[in-house]
Amino acid sequence: MTHANAPAPPRSTLVVTAHAGDFVWRAGGAVALAASRGEQVTVACLTFGERGESAKAWRAGKGLAEIKAMRREEAERAAAVLGAGVRFFDAGDYPLTESAELTDRLVALYRETRPDVVLTHPAQDPYNGDHPAAHRMALQARILAQAVGYPGDGDVTGAPPVFFFEPHQPEMSGFRPEVLLDITEVWDTKRKAMECLGAQEHLWAYYTDLAVRRGVQLRRNAGPNLGLAHDTRAEAFMRPFPQIARELA
Amino acid sequence: MTHANAPAPPRSTLVVTAHAGDFVWRAGGAVALAASRGEQVTVACLTFGERGESAKAWRAGKGLAEIKAMRREEAERAAAVLGAGVRFFDAGDYPLTESAELTDRLVALYRETRPDVVLTHPAQDPYNGDHPAAHRMALQARILAQAVGYPGDGDVTGAPPVFFFEPHQPEMSGFRPEVLLDITEVWDTKRKAMECLGAQEHLWAYYTDLAVRRGVQLRRNAGPNLGLAHDTRAEAFMRPFPQIARELA
Amino acid sequence: MTHANAPAPPRSTLVVTAHAGDFVWRAGGAVALAASRGEQVTVACLTFGERGESAKAWRAGKGLAEIKAMRREEAERAAAVLGAGVRFFDAGDYPLTESAELTDRLVALYRETRPDVVLTHPAQDPYNGDHPAAHRMALQARILAQAVGYPGDGDVTGAPPVFFFEPHQPEMSGFRPEVLLDITEVWDTKRKAMECLGAQEHLWAYYTDLAVRRGVQLRRNAGPNLGLAHDTRAEAFMRPFPQIARELA
Amino acid sequence: MTHANAPAPPRSTLVVTAHAGDFVWRAGGAVALAASRGEQVTVACLTFGERGESAKAWRAGKGLAEIKAMRREEAERAAAVLGAGVRFFDAGDYPLTESAELTDRLVALYRETRPDVVLTHPAQDPYNGDHPAAHRMALQARILAQAVGYPGDGDVTGAPPVFFFEPHQPEMSGFRPEVLLDITEVWDTKRKAMECLGAQEHLWAYYTDLAVRRGVQLRRNAGPNLGLAHDTRAEAFMRPFPQIARELA
Amino acid sequence: MTHANAPAPPRSTLVVTAHAGDFVWRAGGAVALAASRGEQVTVACLTFGERGESAKAWRAGKGLAEIKAMRREEAERAAAVLGAGVRFFDAGDYPLTESAELTDRLVALYRETRPDVVLTHPAQDPYNGDHPAAHRMALQARILAQAVGYPGDGDVTGAPPVFFFEPHQPEMSGFRPEVLLDITEVWDTKRKAMECLGAQEHLWAYYTDLAVRRGVQLRRNAGPNLGLAHDTRAEAFMRPFPQIARELA
Amino acid sequence: MTHANAPAPPRSTLVVTAHAGDFVWRAGGAVALAASRGEQVTVACLTFGERGESAKAWRAGKGLAEIKAMRREEAERAAAVLGAGVRFFDAGDYPLTESAELTDRLVALYRETRPDVVLTHPAQDPYNGDHPAAHRMALQARILAQAVGYPGDGDVTGAPPVFFFEPHQPEMSGFRPEVLLDITEVWDTKRKAMECLGAQEHLWAYYTDLAVRRGVQLRRNAGPNLGLAHDTRAEAFMRPFPQIARELA
């Protein structure tokens, strides 16, 4: 809970991801939930996942440009379903390489969108080096965007809270569910967004099961008395910075 | 944020501590804040701190019964200032010894007070073995109180969130501020409660400084734009179980 | 892989668990797999889970003796399905209390069964204190059973490798899948054993989903080229002691 | 234990190291063991260790080219003794600098050798920054080699298991022996390979003592009953990815 | 305690910092203490902190060159008060970027100053990426400076002990006080040095409070009997390498 | 380094161990070093190691009383060689059980010997549960001995620094060498003391090798320029509480 008694503009969420599909599998519920409240959500896709996450298309003989276009189109449709805007950085994946130039473009996006909340990958992923690279640039840009001495357009930002969404193999990536977000009411929307990603159909069931399992955990941690539906769906997040609270709850 | 749309009874907070003064130094702000909202707060003091935290009295030649009475009286006055009720278990400190009997008495208190929030010591304290002992019994009792098969009066409880308050030497005790609670509006109350503890006057300034320092951290983590007062006071807590959320903030 | 060129007796597995159902949910595949090879498997149930894991029966108004009998009967049927023997210690759950006497009975079981492999709970479980208590006694008894100076019947044992099976909330319990065991060929047996536990029907689907998810991880960690079935099922374990190997694989 | 029932080609091991001598001291036993089974072993030496690990030669007044040639010759002789092939990347040490180009050359080697097992340095070494740099590139190349979208010759590889060999100061480098490999039968071969490295004669006794100590640990972890020789020699490894198993042992 | 029976030159301390003010807030006491014993202290400021730590000046409309000059002048005055020399690398902050060239300049400084002790930032700081960047270069240069094969002027150095000074938010940066240095006798000097940093006046009180708090910890860890002054002031450090000792104390 | 300018009594070291031989293998050098300076050293052996560490004697058919007598005699001779006094608590090993009574006897010993330094086992040892039990009682007694309210003879003690000596399998016990003590000058004495322990002759060479290896580490961490002998011998320790220092070195 923030101290925000900010008057006018809607709350803003910025999602910084390595590949075009990440925001759907890992944070689609959070995105849909914010959008359903009339908040602004912007997804930064640093790459299209054209090399590392498009095996099926490569095996089908498609070319690089074609694959990028397909991934872009899929991501745009999924973002539209969720109610988010999406920006493509086309920085090249596998490997995604950290650079001052790419970080600077992210600083500009921070200053443009002025996020109240930031979502990104956690620090580790032994199965995919692009995710930690996106993580590091997202956090570095967040720091730089706060400094009045850092050049560029737009006003200096605050220090928005950050949430790390769940990686594909959480226990191997040091992931611990520190926040369980109830996404039951937007579950159908997330499912529809997942179904936009035709190239990875095998993940639909996988992430549906995960939402169920996190929902069970949510109910177990919430106690039996809260009238939660038996079909509760949830997403898990880490919270690397202290929560600022006016009440313990 | 819980899903509570519970109708009637006020929210309930249970604070489980080893010694009579712990709740004041470490969680006085959280207690006062909850009380100021009309919530019920119950402090369980497992011991009076008669042996381990009353050096001045022993040096002054007082006896055991006298010291216990003095500590009880101080704690009752401080609790009254904060707006909390206090229960003394008189289990004997230095060492406070874990036992099934004492844990069972805590289960009964859980079932009586039906807490929405539990505060207790963190797991480690290399300077005081009573604190981890209280921690273990507080968590064990919380589990047992949820089981319909565990005998005793009162209804089974839910699984309330737990917060660990800050130990005297946080870095040596594995303490990391995961929640920073803004206690500015009840700061004067906490200070008055601290002043009830005459035997430990040297700690008044120490915990005032700590509240200032945690306040600075709160403001730094909240970003510069939130209109927080320059004299923000805060208390820090750990949150061992996942936060249940309806919104990322 | 052990260096065992032991001649005659079949390999022996000892499973030490807190409650009557634990071995089914968490290690049923490993048990069935060993039994399917003609190995001996012995399950030690320190309690029936009569207080902490039988909420439905308590709510239905059953009494303690009745619940114990029901749990015993269910566990015996499940063990028979899996091909294991089961020993009940009836030590009382919620809380399961560590004691020298109970540990000594475990030492005797170690010396009787002379296990080549030991399975038990991991060290942490913030949702259930009985599991860590069983863990500590299982490991302590394993050490004592090796000492010629420790009194009791039977010969001194070796130092069998230990595996910790997966807790209900792995990320909250410091669990990391260090071994993924392919249980595809005995999956139907495990499912049948789960269905013996009528009191916990809601867990059947949960642990089926988990087996699928661990199977996906197994395939991902094994690489794409190994001809693994798409319906691979797996169980995850930790390995607290070094693996003794004759080959890196 | 892998599920390999691969038909024709011999198993392949790839060892990725920073300096020309690393594979001998740290993994010579594992290399000799695999070779003794008729398997293919390829050692990638990213540098000759010409600046950081050749102090004696510099002190003797030798020049850079001369030192490189000497280290190459020593490493080739040691590799021949162990039964491995060796590839020199000559990337320059002290510091060894990560680069996309060097990583790409490693990807090509992965695709050429198609390893069933990968050995490399662990993630940390506060005494030598080249070791972690080699580690990061070895792991990154392993990921890239699996992606059909990553350009280059050769077929996509699987996801071979990885083992980290023991650094010079294990406790300072977060090293924990997760696998103890029995190298007794190839110990004489490892010793001969070490003796090829004349420039570091002071390490012969050091790594002999280490093999003895790891052998004692192996016997202690294997239990007293396994008929292991009193002169058991061992090497220790970490296993960062889950072991895929068909049996717990 | 080192084994130094070095004859002639005074002991040398090298402080490697990211920004011009860091050495004052975080290590001013250690610097003043060494200088007060007639030792040589050299501070390397990799940047002036012109972008990231000069918000007030930017808000006042000053330009980059002007801010750098002001920060340089402040740092020089503070260093003079403490008794240290200061070197400015002007490498550009926010972000401070690691490079081989900058590391090489640090190697040269190591070889010139031949430090007996090195102070620098700890490895983590989620609030400022320049601090970890300085940390990594300081440690890398320390390794390279020891290698006779690394080119450059000056003799090879030894392996001086390293101390990490306290970051602004210690608990969020993995900081644990492993050494508490008594700076009581130079406290006034440190305070005067802090007062040279007019741009950050709000930190004077903050770091005074910290010195008091660390002083309390020092006394608590030293035991009650040591005749320490009630106004003991201290600074905290981590020690990443083993202490070399001739006595346990 | 303590602030002690205590006048008269010699420094006092207290070593709290589980079994009769522990102090020789793990801390014999530290003990001999302190004694060689004329300091008082007291070794508390909580048990004789009669069950868990006397396998050879049991196999030889000796009885309990006989084994205890033999272990006592060996330990007394070793202590005499090292220059230490030894106290036997005869609390029974395998398992050594924590108790308030035994802890109280340790408190009395703290108050009698008034240690300036305490040595004991580290917190973990997966191969021997008695070591952690001794560790916990040693630390608990140290806290209680400081409290004026804790009953018993003798004056309240200070808060002496604590050092954990090295367990038999350091990497499996979370042991990290934080202090390397140069024991070269008393090495012959330690070797003689080890040779008093005839029942464990196989450990003589093992702990000699360890002393050599820790000596190599000491020299590597001390840098090449310190004129340390090539036959440096060392013991490694952890330091759980902050070092109190007047100088960084």
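As written, the chain order gives the labels A, B, C, D, E and F, with residue 1 at the start of each chain.
What we mean here is this: a residue touches a chain if its C-beta (ideal position, glycine included) is under 8 Å from a C-beta of that chain, and two chains touch if they have at least 3 such contacts.
What you see is a predicted model, and the numbers here were worked out from it, not measured in a lab.
Taken together, subunit B and subunit C share the touching chains A, F.
Shared contact partners of subunit B and subunit D, listed by label: A, C, E, F.
Seen from the C-alpha centroid of subunit E, the farthest chain centroid is that of C.
Averaging C-alpha coordinates per chain and comparing to subunit B, the farthest chain turns out to be D. Comparing contact pairs by residue number, the interface of B-C is reproduced by C-F among C-F, A-B or E-F, since over half of the pairs coincide. Centre to centre, using the average C-alpha position, subunit A and subunit D are separated by 38 Å. The set of subunit D residues that touch two or more partner chains comprises 127, 172, 177, 217, 220, 241-242. Touching chain pairs in this entry, ordered by label, are A-B, A-C, A-D, A-E, B-C, B-E, B-F, C-D, C-F, D-E, D-F, E-F. Listed in rising order, the residues of subunit C touching subunit D in the complex are 1-6, 13, 30, 33-34, 37, 116-117, 119, 146, 156-161, 163, 177-182, 217-218, 220-228, 236-237, 239, 241-249. Taken together, the subunit F residues at the contact with subunit B in this complex read 100, 103, 139-140, 143-144, 147-150, 240-242.
Within the complex formed with subunit A, the subunit E residues making contact are 50-52, 54-55, 58-59, 67, 94-95, 97, 126-129, 172. Across the complex, subunit F is touched by residues 127, 169-172, 175-177, 206, 209-210, 212-213, 216-217, 220 of subunit D.
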